[in-house]
Amino acid sequence: MKPDSSQPASPGLPPPTGVADFACNDPREPIEPTEDYPSLPLWLVTFAGALMFWGGIYLQRYSGGYAATTYDENALGSGLAKTNAVAQIDPYALGRRLFADTCAKCHQPDGQGVPGQYPPLVNSEWVLASGPARMIRIVLDALQGPVKVKGSDFNNTMTPWRDTLTDQQIAAIVTYVRTQKDWGHNASPVTAGEVAQIRAKTRNHSPAGPWTVSELLAIPEHEPQP
Amino acid sequence: MIIIWIIFVSSVVVLPATALLALRWTARHGGFDDLQKTALSIFDEEEPVGRMTDRFPASTANEKKPRS
Amino acid sequence: MNASSPSILRALSPADTEDESQSRALLAEVDASCRWPVMLLFSFSLVWLLIGTVFALVASWKMHAPDFLGGISWLTFGRVRPAHLNAMVYGFASQAGVGVTLWLMCRLCRTPLICGWMAALAGVFWNLGVAIGIAGILAGHSTGMEWLEFPPYATPILFAAFALIAIWGIITFRYRREPHLYISQFYLLGALLWFPWLYSMTQVLLVMDPVRGVVQAAVNWWFAHNVLGLWLTPIGLAAIYYFIPKVIGRPVHSYYLSLLGFWSLALFYNWNGMHHLVGGPLPAWLITVSIVASVMMTIPVLTVGLNHHLTMWGNFHRLKDSPVLRFMVFGGMSYTVASLHGVLLALRSVSEVTHFTHSTIAHAHIGMYAFFAMVMFGSIYYIVPRLIQVEWPSARLIRLHFWAAALGILLYVVPLAFGGVMQGLAMNNPDVPFLDPVKHSVVTLTLPYLKTRSLSGILLGIGHLAFAVSFIWILIRWMNAGRRPKTSTADPSV
Amino acid sequence: MKYGPLIFFGIFLTLAASWCGLVLMPQIQIGRQGAVRIEETGEFYPAARSGVAQQGFEIYRANGCIYCHSQQVRMEGFGADILRNWGQRRTVARDYLNDKPVMLGTMRTGPDLANIGVRQTSAEWHATHLYNPRIPSKGSIMPPFPFLFEKRKIGSHPSADALKLSGEFAPEPGYEIVPKPEGKALVQYLLSLKANTPLPEAK
């Protein structure tokens, strides 16, 4: 099948960049073997060089001295580790975040709980008690056995948070729940100090397991100051 | 952990050195002489330059008009 | 040993007319020898494509309707998703890739398929291995490592298939008649040799005598990313480098650039496996090395992209009447987009947001589908008519396939990449609760994007059905043509 | 370019280089890390997982939980893992010494589970959540795992670990939903996921 000469010479080829101008428009014209080869576009070579240079710098800067136990890329390599200043945390915001991660799993994000299983927190007489003493104890060592909340009965075992949450975190959660704006709560907030005091006082109770309603009712709502 | 540095330094020196040697050997043995011909090696001799060798099949099987 | 194939200079002198017929006969002989193995591989890869698409639709639907098929243990999301991944990667992509490799290697080496039984045997092993592997995953015997979920009783069969193909590749390359090494042969040889080494090394280090602790994650992601970089990408690029010049009848713009592209890919792609573990429990230097390698990948990607673009310069108007060119150019451009998106995702500050989100999935699908699958579709549309000397039955089906696939993958990738970034930003803001049925939360925020993904899945499914109908139709024609007396049908490519 | 051996050499060299860098070096550095003795408690960390929890690990692997849950806590200031109370500290290589395979996970469609055993200690909540995640956490897109549970006729009295279900989730009267051994094992595994032991390198 003869070369197709009816095809117009295609103007498409870009200006040859040092490419031997093989005569594509006249197929009869033999292609001379050429010695030179098309040189690389200069911008690509400089870009590659710049990238190599950046790579070396980045590798040296963020490799933490190639140590086996350096996980923070900013350590060792240079002094200025990324210090994120611990902003003054607003307890309400911290409480809301922790509530969403932990308590909401059972008491539901809207605080209504699950009828028959997990008691509600909204307008619960336990939450809006004048003093936080009983609520802090419940959060620390949990509650089990039959309990009446807003008229309906619950009988489930709650998980204790004594070993999981710090005093500041428990104070933030209790403050958040007691002063939740959407639920219309405005009971008194709680400080980490009060939680620490109760945590120390009830140290001997925790091995005996969660509180029961009768034990809690025996404790005054306001913690007697020492 | 001295073994790491031995491997590391040797690989950083040996690897590029072998690459450059291979490059020089290829250039000397005419590896890069005529790249343009290699680019043409996929074409048959009688395949004209610049002509399409693939198109949508004709709409009905029978009228298969050969396209110029 | 190799009959010196007629060089262009001698062919032009009139005395050499019989050379042309001789080279035309040689090509026909090469195609004829490849016919059965390659058609076998393409047919089975199409079967796996359809099975993988079904798994994909089930998995995607479960993302936003979790109770869908919820009660069946072997269809739970955790088993359907790895089944989809393996059906697509090892069932469809690798097998179609091997089919293209067989044909392309024979064409470029100008030698008929040597010991075709080896390729056919490999095909049988392959499908056996993938079938057993996927049954194992659905039964719950997955090894639990991403990209390596096949249980230990399936992987030896797969490795045997890979090894057979690699051996075949070396033999064909050894007895090649065309002295010149076209760039596609570089990539194909690379793919054929890299993958069996990679696969066997990983099986030894992770299944037979597992390394301890987090080093398993290092080996896992060294393997997983190199499956893409050293097996599928080279085959895809080899196909593009061959088919774009072949279809538009113009040699590749600069052979020199393609050499640079190959060697920089070989050097840098190897190293960037650990960008899947940014921020993870691995030494900082390991992750930094991979991030640097990922950024270095811009060099081969720009080189290859530039080379293809300049080859296509002045010929973009030809896209409208050539199906193969459409798939190839779409695949080539998606390769550049996928790689640059990958470089972006590898940077630490970006990875902090997008690491555990759906934008990783979007990146995976630009690379796997928009680049590799589309290139495979294009190659099949070019190769099959030349193998069985029968033209594709309907142009409308091919157009439907192209537009359904192209629009489908765009509808998949763009919303999911964007949704992934929003998900990441919300996840990094501790005040946004992770799950809240009513208020703005991370899970409810991603739901619309997951629904658009299911929509795009349906569109892709339509494209695959169109492809399947087209493929079965041409097989039927081939069967009928087989019975008709052998008339010398004109070479369909003219 | 006509020379095959050069290509084989190049292909082998590049793969060998990356194998040395990304596989051999980490194996040399942290491949032979052992458990470390914790001063306050005197035990070794990481302790081997109990039998039931190990069976739970196999159920976790078989059902592909890693495709939506990660098990790695990133450091303070890189993502909000610690602020979201997903962990008290970042996880390091030593936390995963006994896992085969390591379940780091790359997707967080669901929350990170590296420290779930500390954050959610109620086995009953986990069992109900696994049976149907929409019971305890409404709006969840996690698939249900009813095949890890079985519906049984109530014998003389309801069994201890029957799930407390109400409303449309409860089985018909006279029946109860009880976790199979696989279900119990998975719950025990989840409860065993704790990453709060202080380690020197995890500051």
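Just so it is clear, A, B, C and D label the chains in written order, and each chain counts residues from 1 on its own.
Keep in mind that, in the parts below, a residue touches a chain if its C-beta (ideal position, glycine included) is under 8 Å from a C-beta of that chain, and two chains touch if they have at least 3 such contacts.
Here the structure is a predicted model, which means the values were calculated and not measured.
Asks: Please state whether B-D or C-D has more C-beta contact pairs across its interface.
Replies: Output for the comparison: C-D.
Asks: Please identify which chain has its centre, taken as the mean of its CA atoms, farthest from the centre of subunit A.
Replies: B
Asks: Counting only Cα atoms for the centres, state how far subunit B is from subunit D in Å.
Replies: 46
Asks: Could you state the distance in Å from the CA-based centre of subunit C to that of subunit D?
Replies: It comes to 32 Å between the two C-alpha centres.
Asks: Once you find the CA centre of subunit B and the CA centre of subunit C, what distance in Å lies between them?
Replies: 19
Asks: Could you check subunit A for residues that touch two or more other chains and list them?
Replies: Touching at least two other chains: 1, 10, 12, 19, 22, 24, 27, 31, 37-38, 66, 68-72, 97, 101.
Asks: Tell me, which residues of subunit B touch at least two other chains?
Replies: Residues 1, 4, 32, 35-38, 40, 46, 48-51.
Asks: For subunit C, jot down the residues that touch at least 2 other chains.
Replies: 8, 12, 20, 180-181, 250-251, 255-256, 259, 281-283, 289, 430, 434, 436-438, 494
Asks: Spell out the part of subunit C that touches subunit D in their complex, as residue ranges.
Replies: Subunit C residues touching subunit D: 62-64, 66-67, 70-73, 76-79, 81-82, 140-146, 173-174, 179-181, 186, 189-190, 193-194, 197-198, 201, 205-206, 210-220, 222, 226, 230, 259, 263, 266-267, 270-271, 273-274, 276-277, 279-283, 286, 289-290, 352, 355-358, 360-361, 427-430, 434-438, 441, 443-444, 446-447, 450.
Asks: Inside the complex, what are the residues of subunit C that reach subunit A?
Replies: Checking each residue of subunit C against subunit A gives 8-9, 12, 20, 250-251, 253-257, 260, 264, 281-285, 287-289, 291-292, 295-296, 298-299, 302-303, 306, 310, 313-315, 348, 430-431, 433-434, 436-439, 494.
Asks: Residue numbers of subunit B touching subunit C in their complex, please.
Replies: By the definition above, subunit B touches subunit C via 32, 35-59, 61, 64, 66.
Asks: Under the stated contact criterion, what part of subunit D meets subunit B in this complex?
Replies: 1-3, 6, 9-10, 13, 17, 20-21, 24-25, 28-29
Asks: List the residues on subunit B that touch subunit D in their complex, please.
Replies: Result: residues 1, 3-4, 7-8, 11, 15, 18-19, 22, 25-26, 29, 31-32, 35, 38 of subunit B touch subunit D.
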